[in-house]
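Each of the next two complexes has chain A plus one more chain, namely chain B in the first and chain C in the second.
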Partner chain A sequence: MKKSPLALLLTFGVLQTSMSAFAATAPLDLVTPVSDYKIYVTENVDTLAADTQKFTDAIKKGDLATAKKLFPTTRLSYESIEPIAELFSDLDASIDSREDDHENGVKAEDFTGFHRLEYALFSQNTTKDQGVFADKLLADVKELQSRIAGITFPPEKVVGGAAALMEEVAATKLSGEEDRYSHTDLYDFQGNVDGSKKIVDLFKPQLEQSDKAFVAKVEKNFATVDKILAKYKTKDGGYETYDKVKEQDRKALAGPVNTLAEDLSQMRGKLGLN
Partner chain B sequence: MNSTANGLPPKKAKPSRALQFAVAGSVILMIAAGAMFYFASQAAQKKRIANSGNETVVTINAKNCEPNAITVPAGKNAFRIVNASDRAVEWEILDGVLVVEERENIVPGLSQIINANLQPGDYAITCGLLSNPRGTLHVTPTAESDAAAKARPSMVAFIGPLSEYRVYLSTQSSALIRATNDLQQAIDSGDLAQAQKAYAPARAAYQRIAPAAQRLSELDNAINARADYYEKREQDAAFGGFHRIEFGLFSQKSVDGLTPVVQKLQTDIASLKQQLLAQSIAPEQLASMVVRNMRSIAEVRNNGEEERYSHLDVNGFAANLEGTRKVIELLRPLLAKSSGDVLKKIDTASTALDDQLLMLKTADGFKPYDQVSTEQRKQIADKAKALADALDGIDPALGLSGL
Partner chain C sequence: MKDSDSKNAPISTDRRRVLMGLGAAGAAVAGASLTGNAFAAPAPAQVTEAPKSEKTQDHNAFHGQHQNGIVNPRPAAGMMVSFDVLAQDREDLERMFRTLNERITFLMTGGAVPQVDPKLPPLDSGILGPVVTPDNLTITVSVGDSLFDDRFGLESVKPKRLQRMVGFPNDALEADCCHGDLSIQFCSNAPDSNIHALRDIVKNLPDLLLVRWKQEGTVPAQAPLKPGQAPESARNFLGFRDGSANPDSNNQKTMNELVWVQPGSDEPAWAANGSYQAVRIIRNFVERWDRTPLQEQEAIFGRVKTTGAPMDGKTEADVPNYHNDPAGKITKLDSHIRLANPRTAETQRNLILRRPFNYSNGVNKNGQLDMGLLFICYQADLEKGFITVQTRLNGEPLEEYLKPIGGGYFFTLPGVVDSNDFIGRSLLAASAHTTKTA
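Showing the complex of A and B:
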């Protein structure tokens, strides 16, 4: 058989994989979970776009109370799809950067997006002059929506996303630095955990083929995290502010969150995608 | 032939000597011509066999096929399908509910060759009219097929494109469901003009995913079969789906009796979405599906048989091209790496077909096909064929042929 360079490349790929991975997941078995993940991300970014429309409408109407109420729920869907949203670094910066990502902090001209609006709504307690940031956020979210539709999801990013989300929780949520003005970190926390768990659920059949104990351990840790988060759920379906989270619960969360981040980083290898 | 095998005239007749010589001479000529034809066809057959492995002859009769149970070795096989029935019919190889290879519109009295590269296993055959009994095809493994199965290249590079195509099937079949709901509402409210208007977008939505939908033989027949595939044609009680609705709306110019037909269509389209998402597509099928779709424009549908009552054929061709271009876009990164020349040919051919169809664009759709000239129809056929030929380069370029 005449082989194209790609075919040769693929053949070498086989040799390499067979040496590095003992788990024999057939690559084409990953098509269904990867595409189901894209459908999940597409639904979430659609929700994000619809929610952002309402959130920015409230700001432009000068309705401070509604804008404050919509801020954490609007972010939830963004946080659940971060592994993909982060692939577009320009948009990630303009939608989700913190003041300390900018040399001039809150005064920086390119400090835009959710946290710029959070600063105005919760720290300065106003919607005044925020129309321009509201318009920019909505435009960026719509751009994100169209870029997600156009990109072929790299399978290793999808699978790697499960660990990336839990690393994000470990790095920025446990400390409460993400939503420093509104203290609505627990919404983001839930968004990250949901997004990570979704990836594990989608690849569960393939993971169980190679390592049942791994899946059981991961699910147990997710259950622990969910149980602690549930303690802080409010009657309206939202969450308490992060300053209400007791020190012992912060510590209790740290264990399973870090273990999950570590365990989930093995998923790529287990699925033959290293 | 009137004469006996040794070239002598029948005993009863007493023709003149000159005539006897003439007859003998012409018989000798006929034998010589026959011999030449025999050797030529033997040579051609040898060449075909060399090209395509084994050849099996199948005859389609009015109510069945002969033989109806076939066994062949794995690998390249040719099937010569002889249509001895009195109407244009199709012949398909099915793997479960999926079409592996098919030939539509085989003209009565003629034969067509289907080349199939078959994996070992048991297949079913659809043969002629949809009411005819199905045949069986048993494919036995060979040393080559066992070796090929082992040598299959790693498929990691294809996870991305195949996943995206599955997402495309999901979103496009949702669009098809919505468009069919619009059609149903117009029919239910008795609004003929609105129903005629809703037919075109529903067809376009179907045609975008037709390359994948047509792998689902039985379901696709329920959705898309022409009247010719039913014994009593338009009058056949089993005739349903889009073309039954098209017949009502554009030929009979009435919504009468279409409510149960469109309801059945909605059910079938809901299960189409479900089945499209449940069936996995092998990497080599991505290209071969759209090749088949383009060839069916080039060889059959350019004659306007598909939308014969509404003449909305170009609307469908344009949607077929959209679906084909989706596959090209998904494979573009892989082709760009190793086979830029193949990609260039594909892009040139798809632009040419697109330009051809755009010439027929009108303010609210495309020119009705009964107003498209013979020359323009030929241009469409030629350009669809050129695109199919260019797309045929994909599988060899990606190391996917002969698997």
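Showing the complex of A and C:
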């Protein structure tokens, strides 16, 4: 569905006047980055759907080794688009909830998705009886793909997503709680950071107009995180398991991650968005 | 007629008539307790109305030779927080101390929080409202042994007795609540004031400090002293008065001997007017304690539970006479207070200044209450002080009811003397030459 720029702006709600001390970024300035972001998300959810197909195929074939290998890379694209994926809370729960989101833990009937399969593959070391969870995950991802295609992206959600992704890292990645059975947290970590950095990059011209030092500080902290993550890259392009990350590096990651969460929380305001 | 009756019981018409018929004097006596419920309609009330305190503006000086929060009277709420320092170099470390200095200055003074554009996150959590009330807050900064590793070039200026806490025989230390590069002790009239201060510091130093562990505690309040009544120590969660033998914190000479590192001592010069801080999170097995006969509890402590008096005394302030009791017939030789403070000339130099809080965290896996003592003490010499005292206590019968699970040793920095000074300045200055050559 194609929309004229004006129609887009009306949908985004960015034409409202603002009493804020920050001059709202001229609405037209937001059209390009928001539509570029939609392209980014669409590409990622397409990758996610294709990867999930292969991942779930391996499980249904009983190919444990391949399923284990595909688990972290399949999740990566989900993690990078979480701000949009999380707009659909029902799907987020069925695709990405963790054991501790459920009172009955792994036995909970509604514990499905990536982490339910992760539990079977890495903790139980089996693909047995996992077909039903594999089918459900694939169906949920396809549903996500179609819902994303049908929505207009609210600019404040897009811009706010940069901070939300760093909050994800601060809350669940630094502690190694995300992938507790496979310890492949660094893939998710990278996915969150990449997704956050993408948003900052897209809005960089607008941000630099108001605060060059802000952009420089944010980019410096992203670079620090990338540098530490790079230490744990493996030859095949993947990542070491999180238990291999030295205590010293976990702490060294905490500083820039928390500072990014703090600084990026100002991004919406700096762009004059509500 | 008993005055208390009219306070408690609804007043019947008959009784009201009788009371109204009293002379002026009688009415005046009865009046105070009647106006509220008999003659006026009750004012509207909200159960959520804030409790009242006249002490929210109480404040402590930040500037001084020594840091505050050590010899000033301990308020009702305490919190000990240990941090990992995330600074990567000395420049960052100085920025950390300067930022801390700025935040502490504001928090201990109070005042209006600057307003920012509502599209931005506010600068302050807002939990004390738009004008921060100091509420008797003190913030006391100390540094741990690990800050003096190879990161910042501080190795050569480490206080002589600063060391990583080593577990005592009865300890079951949990790695998650031990040690740290830096400790901050928050004390104020209310837990919320401490939490507000902590959140301010966390928000303002995200790239420099990471919370490692935190323990909050409280002190039960007592009714104001009646004229002639001697001050009494607060009770711990074992029901005993705690701190009875604490040295007099108003006595400057005693504090110089026992608490403050003195200029010209064998400690590095920069450390003068600082102090050693020992922190211990000591779990109490309260269910078992509550199932222990009173006489046994008192024998274990060496004090009378009700009054806090020593076994041979009448009041808490009485000094036990162990000389007359060499075999421990009155106060057992292995009782807590006798081991901790044998009251000999030689053990006077082992005295420590205690500033503990009671903590209550939740429930253990076994269904028993997770509570105990957030033990904090200060001394000029960590080895002669806490370490010697705790070593004497090793094996005491009280251990049956205690399990220390966390804490650490820290060095409390000298005070910030004026607005040109900042917390940690003397430490950085003393080590400046070592990094230039490094």
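Just so it is clear, the second predicted complex is superposed on the first by the 252 of 274 C-alpha atoms of A that agree within 3 Å, B and C clash if a C-alpha of one lies under 4 Å from a C-alpha of the other, contacts with A are read in each partner's own complex, and residues count from 1 in each chain.
The working rule: contacts are C-beta pairs under 8 Å (C-beta built on N, C-alpha and C of every residue); 3 or more make two chains touch, one makes a residue touch a chain.
These figures come from a predicted structure and were not determined experimentally.
In the superposition on chain A, A:P154 contacts chain B only, with no contact to chain C. In the superposition on chain A, A:A252 makes contact with chain C only, not with chain B. Within the superposed three-chain model, A:E262 lies in touch with chain C and out of touch with chain B [touch as defined at top].
Touch criterion met: A:G272 reaches chain B and chain C at once. After overlaying the two complexes on the shared chain, residue contacts for A:G62 are found with neither chain B nor chain C. Chain A is touched at more residues by one of its partners, and among chain B and chain C that partner is B. For the contact definition in use here, the residues of chain A common to its chain B contact set and its chain C contact set are 272-273. Within the complex formed with chain A, the chain B residues making contact are 151, 153-164, 166-167, 170-171, 280, 282-283, 330, 333-334, 337-339, 396-399, 402.
On the chain A side of its complex with chain C, the touching residues are 18, 20-22, 221, 251-252, 254-256, 258-259, 261-262, 265-266, 268-270, 272-274. Residue ranges on chain C touching chain A, taken from their complex, read 84, 86, 88, 117-121, 203, 206-208, 210.
The touching residues of chain A, counted against chain B in their complex, run 1-8, 10-11, 13-14, 17, 26-28, 30-32, 34-35, 38-39, 42, 152-155, 272-273.
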